[in-house]
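After this come two complexes, each holding chain A, first together with chain B and then together with chain C.
Presenting the complex of A and B:
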């Protein structure tokens, strides 16, 4: 591990320790927050008991579906927009201003259309994740160095071979940044919609515990969710950084 | 003047390239007309002021761009918008693929040409060794110096066994000492492969040191002003710079190109100080 990684871990451990002291000494009331050590114990109990296994599974499937649709859909959208100049000139302003749109406002309408099942949650999550994926696909393809394409032509590559052997690998670091964002936004999209109106899922369980003043369960679940999201995101980010360093010398 | 005693490997006749008017900007007459015979097995360099169309000439010869008028023949076959089999191109920019190792980079063209894997292995090992990259075969380009990355690009072309190698200022980004050493390697490659080489360069010294003939081009639109034969032996090295005749060749090139270079930087025709 690098020196910076140790510093990061120390900051998190230090913050947890301060919070532990504040909670244990009553400066922060238990009704607001429980000590981090109790959060960890609660998280472990939740995992060991398997009592919300079905909720984990429900959220996991939703997130997996949202990531799949966001990544594949975003990539195809980006590729189509990049390949068609007319489409690019027409749609790019929409894409860049899309970040100001909160997709969650469409949730009630989607429930009316699809009913109270996983579809509205997945669709909202895809609305979060697809656009960053498309934007980064376009950006990656646009940044391909023209000399790489000339090498393809000098080697008499077919159009398909040029796409798969040169253009996609050359654009990969930027496309992968899009994948990282699509994953993060899919998790956010699924969990936040489960909070609002859902009968199952981690988001629903956190919301249910909150409504019943069950801080121990709520913080245990929040900790589990934070740990999973952080682990997933930092693994992807780590890989993405390594690619960018190698590609952009 | 064509030399009837030698075999013409590539022939350029009446070649021009005009970039059409676009977005309110006027059309640019970039090149020509140019007539040039490239003899089999010779090393010819093209020098000229910045923006005179040297790289355009190479791209047209390679089939990477289409001429506005004129014809290009390679081994008697017309070249038009497609790189012919037997022609290899090395570009000015580092074009090694960062996602592939040195070995994979060198193998890239072969893997797309239907050669069987055992033959690919043999040829790539030879090319990697020939260019002094054996210790770095498993390294990625980001781990190499600029000179080594350019050697990877040359090896990637060499492995295809081209009969005509077109080099577009391949050493432009390297320091002077590395350029001299790379020049020696290029001469060794030329001798051992017997390929015809056309080198685009803005360095008069490099052109004079490496070439059998040096073609000097005018400012835009680039035309051939004169072709100088150096008369160097085939087994020359960078030590040719110690030869008194080397100074005479570079001086002759500068005499031809000085007024053209002044035009290129917007100073027009001026007489040289005594």
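Presenting the complex of A and C:
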């Protein structure tokens, strides 16, 4: 680990320590926040008791579905846009302003169409995650050095061989950046929709605990969720940066 | 090429409208209203005084959130960006915070700021501030060192350095971050109104969902989409102009 990483860890640890002191001394009332040590204890209890195992499972399946659809769909969309100039001219203005409309506004309509089940949540999460995946697929394919393609042509590779042996491996690190984004957006999409209109899932459990003034459970769940998301995102990012470095060396 | 692209885009929009009408024919009024009457409903909504207090509440919350996100985000980003150590330490931390589901923090914000307008303002600003900070750090760090060296060679004063070199070199990239921050702040503010709120467009939307009032849901969604797309197109045009001038 680098020196900077240690500084980062100590900043986070220091912030937690200050929060702990503020909560213990009563500067921050218990009704607003419980000390971080109690959050951790509560998170551990939730894990050990297994009381919301079904909610974890529900969210997990939704997130996995959303990731699958956004990665595969985004890749296919990106590939199609890259290879068809007509599609590129048509869809590019929409892609550049994709984040303008929060997909969450379509949630009410999807609920009316599909009902209160996992479909609306997965669809919203896919709307969040698919576009960054498509954008990074396109930019990855565009960045391929022309000399790679020339070598392929000099070796008389077929079109398919050129795609599978040259273009995709060359674009892989950038496409993987898209995958990491698709993963984090899928998590955000699923948890957000669970939060407002759902009867199960971690997001729902957090808002349920909030509605019942059950701060201990709420903070435990928030901590668990944030820790899981951070672990997932940072390991993917670490891997993707290693991939980029290996390529540019 | 430009004219042809406009035709393609118009064709795509027409296709979406046809698809919308098709969905209406398939599902009927129970699920969605057709495009034409949705536009009419949205227009009526804007003319009725009944909705304006909520619309104004959302606009007020959004504007305050945007000012906080723009101000703190760009100042914080510039301050962090000017120190190498600071940006090396903090940037990965910010990127990580950016990818966590911030909804999980919304109850915490509600507990701290109460049920009024400030909870949504803070939640909206929280969504926008980090992308703006990250892009400001990038903008400051990516200034071509040649510009700075030539500025020093010409013995520019500190103020001249800022006015003639730092600002023109950083603004285009920072503006791209502001554009992203704009959309995310809108998302955060509307989302803040979905949950535990008594006023605002998000609240109206939630209310309409509870009442299964499809025409209102559709009209509100349409208004939000139009607002977002119009603002974003304006920002995108400004963004492109800034980048072209720099190139």
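Just so it is clear, the second predicted complex is superposed on the first by the 248 of 249 C-alpha atoms of A that agree within 3 Å, B and C clash if a C-alpha of one lies under 4 Å from a C-alpha of the other, contacts with A are read in each partner's own complex, and residues count from 1 in each chain.
Keep in mind that, in the parts below, contacts are C-beta pairs under 8 Å (C-beta built on N, C-alpha and C of every residue); 3 or more make two chains touch, one makes a residue touch a chain.
Not measured: the values here are computed from a predicted model.
Student: Touch check for A:157: first (chain B), second (chain C), both, or neither?
Tutor: In the superposed model, A:157 contacts chain B only, not chain C.
Student: Touching A:113 in the superposition: chain B (first), chain C (second), both, neither?
Tutor: second
Student: Is A:122 touching anything from chain B or chain C once the two structures are fitted on A? First, second, both or neither.
Tutor: neither
Student: Between chain B (first) and chain C (second), which does A:4 come into contact with in this model arrangement: first, second, both, or neither?
Tutor: second
Student: Looking at chain A, which partner touches more of its residues: chain C or chain B?
Tutor: So, of the two partners, C touches more residues of chain A.
Student: With both complexes superposed on chain A, which partner does A:171 reach: first (chain B), second (chain C), both or neither?
Tutor: neither
Student: On the A-aligned overlay, A:222 touches which partner chain: chain B = first, chain C = second, or both, or neither?
Tutor: second
Student: Applying the document's contact rule, which stretches of chain A touch chain C when the two form their complex?
Tutor: Residues of chain A touching chain C: 4, 7-8, 11-12, 31-33, 86, 89-91, 93-94, 96-97, 99-102, 104-106, 108-109, 111-113, 184, 187-188, 191-192, 195-197, 203, 206-207, 209-210, 215, 218-219, 221-222, 225-226, 229-230, 233-234, 237.
Student: Any idea which chain C residues touch chain A in the complex?
Tutor: 1, 4-5, 8-9, 11-12, 27, 30-32, 85, 88-90, 92-93, 95-96, 99-108, 110-112, 180, 183-184, 186-187, 190-191, 194-196, 205-206, 208-209, 212, 214, 217-218, 220-221, 224-225, 228-229, 231-233, 236
Student: Quick one: which bits of chain A touch chain B in the complex? Just the residue numbers, please.
Tutor: 145, 147-148, 150-151, 153-157, 161, 165-166, 169-170, 172, 245-249
Student: What residues on chain B touch chain A, complex-wise?
Tutor: Chain B residues touching chain A: 62, 64, 82-83, 85, 87-89, 91, 93-95, 97-99, 108-109, 112-113, 140-142, 156-157, 160.
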